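Read from first to last, the chains carry the letters A, B, C and D; within each, the first residue is number 1.
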Amino acid sequence: MVYELDSNKEVKNDVPQLLIDCSLPSAFIKTIELVKQFNIPLVIATTGLTENELQKLKDLSANVPVVQSSNFSIGVQVLLKVTEMANDVLNDWDVEISETHHRFKKDKPSGTALMIKDKLGSKPVNISSLRLGNIVGDHTITFGGLGDTISITHHAISRRTFAEGILKSAEFVLKKKNGFYSFKEVIFGS
Amino acid sequence: MVYELDSNKEVKNDVPQLLIDCSLPSAFIKTIELVKQFNIPLVIATTGLTENELQKLKDLSANVPVVQSSNFSIGVQVLLKVTEMANDVLNDWDVEISETHHRFKKDKPSGTALMIKDKLGSKPVNISSLRLGNIVGDHTITFGGLGDTISITHHAISRRTFAEGILKSAEFVLKKKNGFYSFKEVIFGS
Amino acid sequence: MVYELDSNKEVKNDVPQLLIDCSLPSAFIKTIELVKQFNIPLVIATTGLTENELQKLKDLSANVPVVQSSNFSIGVQVLLKVTEMANDVLNDWDVEISETHHRFKKDKPSGTALMIKDKLGSKPVNISSLRLGNIVGDHTITFGGLGDTISITHHAISRRTFAEGILKSAEFVLKKKNGFYSFKEVIFGS
Amino acid sequence: MVYELDSNKEVKNDVPQLLIDCSLPSAFIKTIELVKQFNIPLVIATTGLTENELQKLKDLSANVPVVQSSNFSIGVQVLLKVTEMANDVLNDWDVEISETHHRFKKDKPSGTALMIKDKLGSKPVNISSLRLGNIVGDHTITFGGLGDTISITHHAISRRTFAEGILKSAEFVLKKKNGFYSFKEVIFGS
């Protein structure tokens, strides 16, 4: 059973199993309406939602399961989790973050680099940003001690990483009755 | 208070606070005697202990705290822990281990590479072994999905990594009454 | 002025400036015909040409300029050149080649790894082949001495690398009267 | 035949074959005297020589062969040469330099990073400097195009890299009649 919706046409085929929204904030109201109409699970990847819109998703999750995140990359989730764990043990080692992206990227440092830094607590951490050709996106965090180092690298190949995460979330949400979940909970449990 | 013991001479200065044994199996009996004589904590890094000798350490630990491990590198412990955690989440991704050591190393693959493989369960895993000049020891494990990869690398700079681990264990053992502990427990708790 | 030719339809617009053939051996005869008909330069990337077909290209190059290669990646050319140069100086160092590709790749080691090995002379060289998810193609050659190492890595992002090389060859060939050229000559001169 | 000279004692054994000076500028006058006295080749690694002192070495080289450099690492020489060559071909690609050293290093960026930058001509180039634990010294230069990247990495393991370079220079200088040579000429010829 499939229900497809886009800005040009609507195609409705019976009752859908769930709703996946990877579109724009302007679709938000319609998304909420459809979830209510069919009483189905929701996976939503829209970035830039307001506090008010997030609250509407939480209200919705009393009746249906909702997974909401602005980054559905499994690899990034593992990177963040591993960083947190390593930092607990190696908190007296030096630490450096570096990220490399294509020359067209405008922000510096990357949002993901800031998410990594956020996992390291309040200590000052240097971020090196490299801009090179057409690189999709690489992030490395290295902890350095006096006898050895530990590095963790996430290397993005394509946007397919997000599709895989959306699929995992769809499988997750179909097994739930209701509740509001982060993508982190989909991957690691709560 | 220091008590030094080596194969040439014994220097005894009052009662020592703890005993650290990073020597050879042939010193084992003397080590046990000294721990009993002074009733002090023990940190023991001897490799190649027999089942019988390990049992003697466990008997000893009823009265004094004992930390026993054949690898006191904090970095290697973090590598193993992170590998285990990432493998839980990325168990449907491909995985490859590679290790690089100096040209004089005789065993292939390295013992640490086998320890990493052991954390990945029973699936077949390829290990690439590189032998290059004077490299102290590098280990990388990479998980590969269809949209991204995650790599974790341990790079050894010198044997100082072991000294740091022994020191952490000494601090740990001085706070305990008794009990038998692995180095993993020193680093991550039990 | 554009002349497009494919297996379904032919579109002819006036006389073309040059012919670029990145297709299959089955198009070879037609390619030769068109080059002769219009007396224009040729850039040909077809792999698996026979000795006989290569000879036909050389005959053709008496009248028009021809660039022929089975790998139009500028990065791979630089990798091979650098390998050759470093090997001259570091010929008493250890050397290791490693290559990583997607899980769908059937040959092991990769053709490029064998090209690298070929630049190292007759000494035995180990090649490590890793197969991981969706990696487009990475090659690293490392020279290891007793005090340091030198590594050269080529990392492919997409097939665009070949398009860039074809374009460079097109610019090159438009400036020539005739002659048979390799892609290596396009990049480094002869 | 060995002639050893240090700040505490002088040991003279017959006529030496050559003089190697890896000491301090304060030894410079004595070094010149000894080379003249025995009429022997000189390998000199002293950093911070004045223009006047360099001129004295050049005057000396009319009669004996002299190799003078402030960095006798073969790996660094290869890195610089490869950088220059790659930059010629990839001059329209992006380029980034990064260097990692121990936490105790005071200058930023490293002198070697500045030497690499110098090989890239007058274009602006970003240098990322990372400071981590006890890392002896790593330098990477990456060229990034739209379809691929090329990276060259020099990884220092220990100061032994300099000893190897000094030895190569000693072998070189023993085969020369006279002349003033850089270490680059020892490695690559002139």
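Rule of thumb we're sticking to: contacts are C-beta pairs under 8 Å (C-beta built on N, C-alpha and C of every residue); 3 or more make two chains touch, one makes a residue touch a chain.
This one's a predicted model, so the numbers in the text were calculated from it and none came from an experiment.
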Those chains that touch chain C and also touch chain A are B, D
A student comparing A-D to B-D should find more C-beta pairs in contact for A-D
Cα centroid separation, chain A vs chain B, in Å, comes to 36
Whole-Å distance, C-alpha centre of chain A to that of chain D, is 48
CA centroids of chain B and chain D: separation to the nearest Å works out as 39
Multi-chain contacts in chain A, i.e. residues touching at least two other chains, fall at 133-135, 143, 145-149, 157-158, 160
Note: in the complex, chain D contacts chain B through residues 133-136, 157-158, 160
Residue set of chain A touching chain D in the complex reads 93-96, 98, 100, 103, 126, 128-135, 142-149
Per the touch rule, the chain A residues reaching chain B in their complex are 73-79, 81-82, 85-86, 89-90, 143, 145-164, 187-188
